[in-house]
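Quick heads-up: structures coming right below.
After this come two complexes, each holding subunit A, first together with subunit B and then together with subunit C.
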Partner chain A sequence: MSVRNRKDTRNFFLFSGISIFGFLAFYVYPIFRTIFLSFTNTSIMDPLHDFVGWKNFKRAILYDDVFHLALKNTFKYAIFVAALKLALALLAAMLLNNKIRGIGIFRAIFFLPFIIPTFAVSYVFRFFFHPANGLVNQMLKKVGVEGIGWYADSKTAMITLVISSLWGFGVPMLIFLAALQQVPKELYEVANLDGATRWQQFRVITFPAISAVFLFNVILSTVDSLKSFDLAFLMGHGEGYPANSTLLYSVYLFNQAFRNPWSLGYASALALIFFVVLLVLTAINFGLGRLYVKNEN
Partner chain B sequence: MTKKSRPVTLFLYISLIGLSITLLLPLLSLILTSFKTFDESVGVYRWIPKQFNFKNYRDVFALENFHYWTYLRNTLTIFVFKAIGTILTCTLTAYGLIRFDVKYRKILFTVLLSVILLPGELLAIPMYQIYLSVGWFDTYYPLVTACFFATDVFMIFMFRQFFMSIPKELFEAAETDGASEFKIYWKILMPLSRPAIMTCLILYFTGTYNDLYGPLLYISTPTKWTMAQGIKSIEDIFNLGPRDYIVPWNLVSAATLLSLIPVLILFAFAQRQFMDSMARTGIKG
Partner chain C sequence: MIKSKKWLAGSVAFALIALLQTPLANAAIPHVSVVMPNQWKDAFEPKIKAFNGSHTNVNIDVIWGGAQDQLIAANKSPDIINTGDLFVAAQKNLLVDLTPYIAKDKTINVKDFYPALLNAVKFQGRQLALPYRFNVGLLYYNKTLFDAGKVAYPTAKWTQKDFIAAGQKLTTKSGTTPTSWGVGSTFGWWGEWLIHVRQAGGEWLSDGAVALDSPQAIAGLTFFRDKVTKYKMSPGAKDDALGGFSGGKTAMEYGGHTGNWPSYNGVSTLKWDIQVLPKGLKSSKGAELALEAWGVSAKSANIAAAYAAVAYITSADFLTTQWTALRLPVTRISVAKAALAVPKASRPSPQNLEALFGGITTGTTLPRTIPFIKVTQEVVQPLVDKMIEGTLTPTETGNQATAAANKALSILQ
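Showing the complex of A and B:
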């Protein structure tokens, strides 16, 4: 027995050992290093760092106006994108959850935008919303409305970014669809006999049945939209163009850490603050989830 | 679902078609623009080009500072190494986790899973410093190295789930026949895992193809760029005037559409598996 045990232990480390090394080298070390760096003024130009105590955190929280703006932009962006994306995904999933002819084609079409790489999406929408000759402004002109600046105007750039981000709602949609297909059909038949309206059916049958998946999607979309980088980076030319109006947190952090002046210490503090924000928001989502999730298992 | 009355079905079709058109419009507009002349593409918007010609596509390949095939080759190179590393090390780890009954395995699995919550920014800065200090800037090593150390916890999770669905008796029978553990892994488990490996390949292909953050950090020489970097910079090549106002949309559209071809081919051939894989990525968190 103990021979077997010893053999098992040896084999276990032979097979799974690599992940322990990977975990220590690529997760544990970087986290402690980031915490360490956040209390220094390290930069790529000046790797001989000094300890500066809480200075980086103070600078970010008390004085850095651009950081405050980026944080505000990120919240605005995340709230709208998460809420609208979820609504759209649920609506699309409910439409797709019907056995009618050609439903497979519609599912593929609804999913298609998601597979378009972000670097292409940014051109699609910059062309679509182009202030001078984009399709949207031309259509507005036809109905007699003066075109707006969309992404070229700091007042409307954020809205344009939000709309463009909504395009790929494919993943939450598929998750909702899988959950909807699990709801027993007999429930609806009974409800139909009782003469329940569609809204009542949704409130009493559908929503409670998918509430756990709903919470899951809420958490996922919130975290995803708070972390999103690519589209904002591309549409804002890497600098939150125009006039920082689309500068998201992740873009600001990127520019602080990996572009001139490569202030790794300060960026580490920003990353830690961001992590705390993510944790708090996820905890809030869990708390809110308690109010509506009907737990059956 | 129960049989639907006619008005309900009609309503469903109208909604489905309406949403489909909204989603396809931007793409359609891009496709049509790729056939326009420069003047048409920057002038007053018209849906249909006066003449469909493929000149823009030829021009894109002829551009001096845009190298489609190079970008595609670079991206595929990175993809192949990432996929090989992840599939090898994550299946090994997952096999160890399901096969050997040692007391640490539950702890190890839980600890590994906990990192799913960590945002990438928290890890990127120290790694950047390390990779720069060992002189790996402007190479692909920083993009692929981590994959060879089973760092994709979600893949470990996915492979583990898949392996648990394989009957244990299969491994035990092979063991009685005197097969070594590595032989069981390689000759029995891996051939059976084709669907899971396929899922991993699809996710890694789209992931690598999409990735902008990594290449932006580490790759600077234009001939080493990935497709994401190449397409991102195509408007800079022309540099025709103030930002956003004079972009040669006909060429940009053609180049953008060319960049979509690999993903669209994959989607066309493995649509079902593609969507299943993506839906499961959602679980990634």
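Showing the complex of A and C:
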């Protein structure tokens, strides 16, 4: 090895060592540890544990009704949140793509909710949706409409959670905005000359041009909504209140690991099942993406 | 030569004295750690400091405001563990059996603990912890609202009829908007409905199986619902609870929790007291008795020292401070007697301490041998929520809860 090569190798390990260490310690080790734990009956509060084989996986897949409900709730939640968030983000990005006065302020306003802590957001929405004296039901009352139970009713709690989750569409909006700004303006000028409607322009020019970014946002939003935790935890009192109606997968998993009887082994099995679910859904998203993503070339 | 020898001897002696003052010398004293909430710091820190200053066999290091569960999960368990009657089953291998240490200890006076509380943290014949505070279900009432409504304060002889009559009289409305509730509602956990079930003669667990489908249990669930729907004296899940008992617009709270006393006493306008629960459908017994206790971690490097520290923080002296400074209900008979010796009129809220300490003998602990919290919160409680919404009848709730809970137990055991 030449002196130059040795120097390069040394520099490589010097500069990438920290991140490689971080990757191994905070990603690789936890993954292997989770796999190991999932085959044991480990509890945080019990120093003794045994290997239980596939028992945790069997229990989750075949017998645990609450887990099945949490899974169903999560899919329902993810479908609505991901779809609505994408629609809102795209709509907002298209509006903000116009050249109007003070557009920077509007962009900041739309992005601002993203940086507000979920804790504060949950309190604001609880105030909005309080069944007895919340802002929304008071306004409905003023126009002669009977208010609903919102988060206090198991029939409407999930809808309330979905609406509250739409708050933070700032990131996909920014990504859409960046993609929209890359679309050549000449295409729209030509389309206008040809008399194309707004919808036709969107269908034929805008969407194909941003389809790759759309797929990226679909995957990002789907994964993000599937692993949602904080808002559901706060609004459902950490237990999917009322009647398990807002019990999401992540909240259930957390409760298994960090609440009595602190079943870390079982929670690890749930985490791995979740990983497989995410993998399958991402693969489906990629498959569907082939139907609408247009190659730039 | 002699002079220099003297000088040398003096220097050595000085060095030895200095060494004794250093942390190295203190390191010989075993240090044991314990997590305590920040709210206790002002009350307990001087006591702990004094203890550390006068003991050479153990020093207590308090991690104020620490997170015990996270420390245990990170394999950095404190030497002393805060546990309770509902936790000892899951922590049976984490906690040291204190029985041999108690047997050797001539100063502990274990008979001074209320037997029911001591037994609640004994698991499979092993004394896994020593109790320091407890909660028992009681009737909490707002004196101001009772006076304003010209209703006599609750007595130990109250029946369910008296309770309903007072609750309805103290529920007031302005048009359709409630301005005060006769009785609060406890949603989201078993704190209230299980008392009604037990007072109606039912039980959560009977002969190792969940028995919420018994006629008695269903009667108890029915009363829990009827408070809202039939007697209209308690808020439903969608109603404005008016800030609950501490909001000052709720006349009574059924069951309650002694852990809420600091927040009640934090409201200067709230004049309140406690009474034993009214007689339910069948019995006046059935109040939940729960407790917290200090145990020793099996992972501690200084188990004997940790025991000595546990003995101190559950001693009559320490519990006296716990009671006088923090009003956390104490577990030793001698400290309770001293509290009861203060004339009723001179006591701060709550004044009826006879009801509190009397509740230890009439209260009932929760099942410890099964994952009670998990099954109740994940399986039973959602069905009770639906009953309150009106989606399920009490009979459907009892039947479905029993089937689902027994299924969950069969999987978990």
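Keep in mind that, in the parts below, the second predicted complex is superposed on the first by the 295 of 297 C-alpha atoms of A that agree within 3 Å, B and C clash if a C-alpha of one lies under 4 Å from a C-alpha of the other, contacts with A are read in each partner's own complex, and residues count from 1 in each chain.
We adopt the following convention: a contact is a pair of C-beta atoms (placed from the backbone, for glycine too) under 8 Å apart; a residue touches a chain by one contact, two chains touch by 3 or more.
Model, not experiment: these values are computed from the prediction.
In the model built by aligning both structures on subunit A, subunit B clashes with subunit C.
In the superposed three-chain model, the partner touching more residues of subunit A is B, compared with the other of subunit B and subunit C.
Once the two complexes are laid over each other on the shared chain, residue contacts for A:Asn133 go to subunit B and to subunit C alike. By the touch criterion defined above, A:Phe286 reaches neither subunit B nor subunit C.
By the touch criterion stated above, A:Phe51 is placed in contact with neither subunit B nor subunit C. When the two structures are aligned on the shared chain, A:Phe21 is found in touch with subunit B, with no touch to subunit C. Of the two partner chains placed by the overlay, subunit B and subunit C both lie in contact with A:Phe258. Contacts of A:Val66 after superposition on the shared chain: subunit C is touched, whereas subunit B is not. Clashing C-alpha atoms between subunit B and subunit C turn up only in stretch 129-137, chosen from 3-11, 93-101 or 129-137, once the structures are aligned on chain A. The intersection of subunit A residues touching subunit B with those touching subunit C, taken from the two complexes, comprises 44, 47, 130-133, 152, 237, 241, 258, 264. Of all residues in subunit A, only 43-48, 59, 63-66, 130-133, 149, 152-155, 237, 239-244, 255, 258-262, 264 touch subunit C in the complex they form. By the touch criterion given at the top, residues 69, 72-73, 86-87, 89-94, 187-188, 237-240, 298-299, 371, 373-374, 377-379, 381-383, 385-386, 389, 391, 404, 407-408, 411 of subunit C touch subunit A in their complex. Subunit A makes touch with subunit B in their complex at residues 5, 8-9, 11-23, 25-27, 29-31, 33-34, 37, 44, 47, 92, 95-100, 103, 106-120, 122-128, 130-135, 138, 151-152, 167, 170-172, 174-175, 178, 185, 188-189, 192, 217, 219-220, 223, 227, 229-230, 233-234, 237, 241, 250, 253-254, 257-258, 264, 267-268, 270-272, 274-275, 278-279, 282.
In the complex of the two chains, the subunit B residues touching subunit A come out as 1-2, 4, 9, 12-13, 15-16, 19-20, 23-27, 29-30, 33, 42-45, 89-90, 92-93, 95-97, 99-102, 104-105, 108, 111-112, 115, 117-129, 132, 146, 149-151, 156, 181, 185, 206, 209-210, 212-213, 216-217, 227-228, 231-232, 243-245, 247, 249, 252-253, 256, 259-260, 263-264, 267, 271, 274-275, 278-279, 281-282, 285.
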